[in-house]
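So that you can tell them apart, the chains are marked A, B, C and D in the order they are listed, and the count of residues begins at 1 in each.
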Amino acid sequence: MTVPSQQFASDNYAGVCPEAWAAMAEANHGHAVAYGDDEWTGRASDAFRSLFETDCEVFFVFNGTAANSLALSALCQSYHSVICSAAAHVETDECGAPEFFSNGSKLLAAPSPDGKLTAGAIRTLAVARQDIHYPKPRVASVTQSTETGRIYRPEELLAISETCRAHGLSLHMDGARFANACAGLGCSPADLSWRAGVDVLCFGGTKNGMAVGEAILFFNRPQAEDFDYRCKQAGQLASKMRFLSAPWVGLLETGAWLRNAAHANACARLFADRISGLPGLEFAFPVEANAVFLNLSDTAMAALRQKGWRFYTFIGGCARFMFAWDADPGQVDALAGDLSAILEAEAG
Amino acid sequence: MTVPSQQFASDNYAGVCPEAWAAMAEANHGHAVAYGDDEWTGRASDAFRSLFETDCEVFFVFNGTAANSLALSALCQSYHSVICSAAAHVETDECGAPEFFSNGSKLLAAPSPDGKLTAGAIRTLAVARQDIHYPKPRVASVTQSTETGRIYRPEELLAISETCRAHGLSLHMDGARFANACAGLGCSPADLSWRAGVDVLCFGGTKNGMAVGEAILFFNRPQAEDFDYRCKQAGQLASKMRFLSAPWVGLLETGAWLRNAAHANACARLFADRISGLPGLEFAFPVEANAVFLNLSDTAMAALRQKGWRFYTFIGGCARFMFAWDADPGQVDALAGDLSAILEAEAG
Amino acid sequence: MTVPSQQFASDNYAGVCPEAWAAMAEANHGHAVAYGDDEWTGRASDAFRSLFETDCEVFFVFNGTAANSLALSALCQSYHSVICSAAAHVETDECGAPEFFSNGSKLLAAPSPDGKLTAGAIRTLAVARQDIHYPKPRVASVTQSTETGRIYRPEELLAISETCRAHGLSLHMDGARFANACAGLGCSPADLSWRAGVDVLCFGGTKNGMAVGEAILFFNRPQAEDFDYRCKQAGQLASKMRFLSAPWVGLLETGAWLRNAAHANACARLFADRISGLPGLEFAFPVEANAVFLNLSDTAMAALRQKGWRFYTFIGGCARFMFAWDADPGQVDALAGDLSAILEAEAG
Amino acid sequence: MTVPSQQFASDNYAGVCPEAWAAMAEANHGHAVAYGDDEWTGRASDAFRSLFETDCEVFFVFNGTAANSLALSALCQSYHSVICSAAAHVETDECGAPEFFSNGSKLLAAPSPDGKLTAGAIRTLAVARQDIHYPKPRVASVTQSTETGRIYRPEELLAISETCRAHGLSLHMDGARFANACAGLGCSPADLSWRAGVDVLCFGGTKNGMAVGEAILFFNRPQAEDFDYRCKQAGQLASKMRFLSAPWVGLLETGAWLRNAAHANACARLFADRISGLPGLEFAFPVEANAVFLNLSDTAMAALRQKGWRFYTFIGGCARFMFAWDADPGQVDALAGDLSAILEAEAG
């Protein structure tokens, strides 16, 4: 047995892409003013405004936990609630960070067979309780692309944001893999965010090829009032900010943000195509971004692990494969080959 | 007028030192498991244990605000209080972060003419109120080296930690410039921390030559219980952790941590020596680490700014000059020369 | 149509019972030391210790929201979680108070067809996630009697507390209607609390006949460390404490606490017996304490409301009737009569 | 030695006044809807609106700790700060409650020789720091009457509120003894609150003759948005609300609120007049409300305690005497007599 030279358990296993690295290296010359009053930070902010074709407020923080939790806490008070899908990362994998940053806001998790939040589900939760004994819904949060590898189309987002407005909710987007959604649909960032009614977007840098860092974009600028104080108090203001902002310059100005995402998506597609039609295999969700979820037998999963492959199981026990910006097509092929062999042997 | 090519307003203006950079670059090969289960993180933790000659618990977070606030919140509940100097960074420059992370712990700031906290001051505050209408003191926090550029000697720390034990307080050390203290005294890290009774140390990486990152060392291991959950919930767990830990390997294994600090201290010494004895100049505090504080006339300060030099004023209006790991002795000399010219002209 | 002179929508509609009132009136003579250092507070605490046959720590707070939230926050940190039934009041009707007081602890709500939490459900949630991306379970919370009017028997509680110990969980009991459970089973308070492994009990005074006030009993005394500070900081320390403690003396020393509960339970029983066997009626849950839940047709519910009766609908749409310490059997009879007439007419 | 039958250590030692008690007793008839939807609560709210000659929002909570902390938390976010006097109760005697309820807002305590906050002191603190490393001032809080027994006159409040508006601060008034201020100045409640620019007033009921309870009045109504949710989540919504609101009806509709306060003030005046001019005695602050602060020798204080009198020492070691709504003039006289005897003996 050969140990795989690359795993597809998480797109966090990848390193820093060349464009981000080069910008960091360039930023590492001489001195620069601290806390964001440097040239790189201004340039990265402008790159976002240019990419999104709007004069949004831009903030740089260290990771996605903080980005989403800070954004949500800016949109609601402790006695408010946030409507999200039951599969939402903020609900399932942040160790209570949204509740901590907001001092107690409750997440109202809508059941969701495919991980997507719908306008209907938002409406149901928004009106379910109208009394002061239950936290008042104030925000809806969607993940783009979703934790299940699905992508919201502009018209879906528009339906969601209309429902939000009708019920007094702000719309937050967890964009840990926002680039993958843009690449997947061939849509502009603006069409998948503010033009579709998104108030605040957390744009993920880590999965997109950075070492560390996420950007928070407020399209609804008044909601960003004093947000710099909020970041500072919550331990999310980098003193040597240029190292958090320069990689964004590298990603955005060169177009690497989209190339990286497109490559990751393509590898997911490649994997899906290679294994499609195999016996004893079912796609748990349509493959739209950089993730593939498979319903496999326990013995098949065990056999795959036996061959050295690592992966997590997800909702309902399906196997999750994530493809990073630097996914190696050769290794994708190797994984597909191993899985084919296992399933065909099982099918006898 | 020539604009200075390097400023001494803050030691956060410097970039990343070669040793830290090289380790990051080396870490950026291939894939690595996320969230700290990688080799670099284990190696960095061991490097700390080896440097401190003890089996402490080690955690890596993004910045000093978070490091100190998380450590303090692990040592007390919301209805407890933290005794510190009135000059302490946690009191004066963290935008209420300690109160936020702890959900309301009050800082009891002891008046301090020179920025140091003393055993006597701790005792006074520890016994001042014994009723439930005032937060119960539970922690004392010292900064090493202090915000005034002073260094606690081991015997001072021992006196402090004895007082802490006598009053049921834990001892926390904000070591944003801990390396400068070690270099300044020629003391081992162990002698300036756990051997002197420190329970938790936040070891500063940013000012020591990193892009981002601080280490939290629990010498009193039971106090670290579930601290990994605390970091995660507070948005301080890096997914690509290797980029937060590898630079520490670079700093610690090569000895750069101490060389960087010693160089910074030497530049402060150089500056102090060059200007010592000038008319109309007074050192606000003894120069022991990498900071120089000067009492200057308003006209002298204005003249210095006129020549392009940037600096902050501090307690009582004195001018603060901070020297980074990469301070340029030539620029130090230029600053000293400009200041000399100004003061001598003023003196007539 | 005659408007009913008493409603059974909530047992919070009742006033103060004579025994509690008399004690308050007696306490309102002359001056008394503030904040609990008075004789009434000591006497009420001792009455609890005597009733529970153990030397527990006793605290008096204003209401159930605070009692349960403060107790839970004493048992866990912000990054911990609390396992409870999906029907638990702390989950469904406290507007996020437990999350607020604890600064973010997540409630893990176990699905529960009848509102009870079981040892098995606790075990399932306790082991479901073992990673730092999810809040670590630290407490289980049961409501006695439950929000569905059920009562945990001592052996059920023992099974639950054993499971808690096996998984490192403390056991909290929301005893808003604890007296009703004691009366319902004929069990001693000790048998339904610490002897069955309960660590902390919130004993409800309001529903038991007081104007305001709940008692928090720590059987596991070390868990009460500094709890007085916690109460004070959270706005739950009464300055004129005697008015919060004296009614307890009235309730406990006269036995009114048990008589009140027994009467309430008897009225629920009376109502249930009167309507049992009617066509188109189903008891949603067995009647064990002071609540009756009925599955009724929408038309029957509308007809009942038409006759002036107020009631809430609960899980699955059933109608809830609650009987207070002062429930009027004549009115219970009137309600039963109206319901009978409606159902018989519907059945044709 | 005879033990005094009444002490003047605290105005919290008194019980419930007849008018408040009678209203509670009257409220204790039959059933009433819970959580404030009852007639007494509506009537009490209207009584406040009538007394204050304005359509303010009114909320009833359990105690002063909660009233002030909740009001402040409604006026600022966690990264904001509250300017108050160093003698303010919220700073000195709430065990960090404002920080807890607001999730970390810092109190900026202005030095104050007499316990009063001035427009100048507010301005100084409001402009001292303008950077994101320090919590942004958003509220000023004054106590009426002050913790030192002083009263702000309308013109002082106007100067303060103008400064507040100039610096973007809301103005909060801790009115634990607001009635004493009205009685002391002969001013209408409106003149001492909203007409002078106060945004939110916490009107103290406990010291005014109630068993428990404070009212929060929002004159700036938009600031009360969702405040009912905030109260509920923070454990400050009484289920049997009528018992918290009825006593207010008793106090306000009968005019007892003002009579009680006037009597308390008169007793302070009586005491001050009786001892004025005694040797070795100095009034620490002018006597304006219901408090008397005396600078006495240590031996005189010891002798007074020896005679059975209880009192607290305050800022700078002066002795504090507080007179409640039911202060007994005979006992006031006894205290004055004992003090006279002691001081005359000391003077030889």
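The rule is short, and it goes like this: a contact is a pair of C-beta atoms (placed from the backbone, for glycine too) under 8 Å apart; a residue touches a chain by one contact, two chains touch by 3 or more.
What you see is a predicted model; the values in this text were computed from it and never measured.
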Chain pair equivalent in interface to B-D, over half of contacts matched, among A-C, A-D or B-C: A-C
Centroid comparison with subunit D (C-alpha atoms), farthest chain: A
CA centroid of subunit A to CA centroid of subunit D, Å: 51
Subunit A and subunit C, separation of their C-alpha mean positions in angstrom: 42
Rounded Å distance, subunit C centre to subunit D centre (Cα mean): 34
For subunit B, residues that touch 2 or more chains besides their own: 35, 78-79, 94-97, 100-101, 103-104, 132-133, 135, 229, 232-233, 237
Touch-based graph of the chains, sorted into line, ring, star, complete or other: complete
Residue numbers on subunit D that touch subunit C, as the complex places them: 5-7, 10, 12-16, 21, 24, 27-35, 61-66, 69-70, 94-97, 100-101, 103, 206, 211-212, 229, 232-240, 243-244, 324
Of all residues in subunit A, those that touch subunit D in their complex: 35, 77-80, 103-104, 132-133, 135-136, 226, 228-230, 232-233, 237
Footprint of subunit A on subunit C - complex, ascending: 78-79, 81, 92-97, 99-106, 132-135
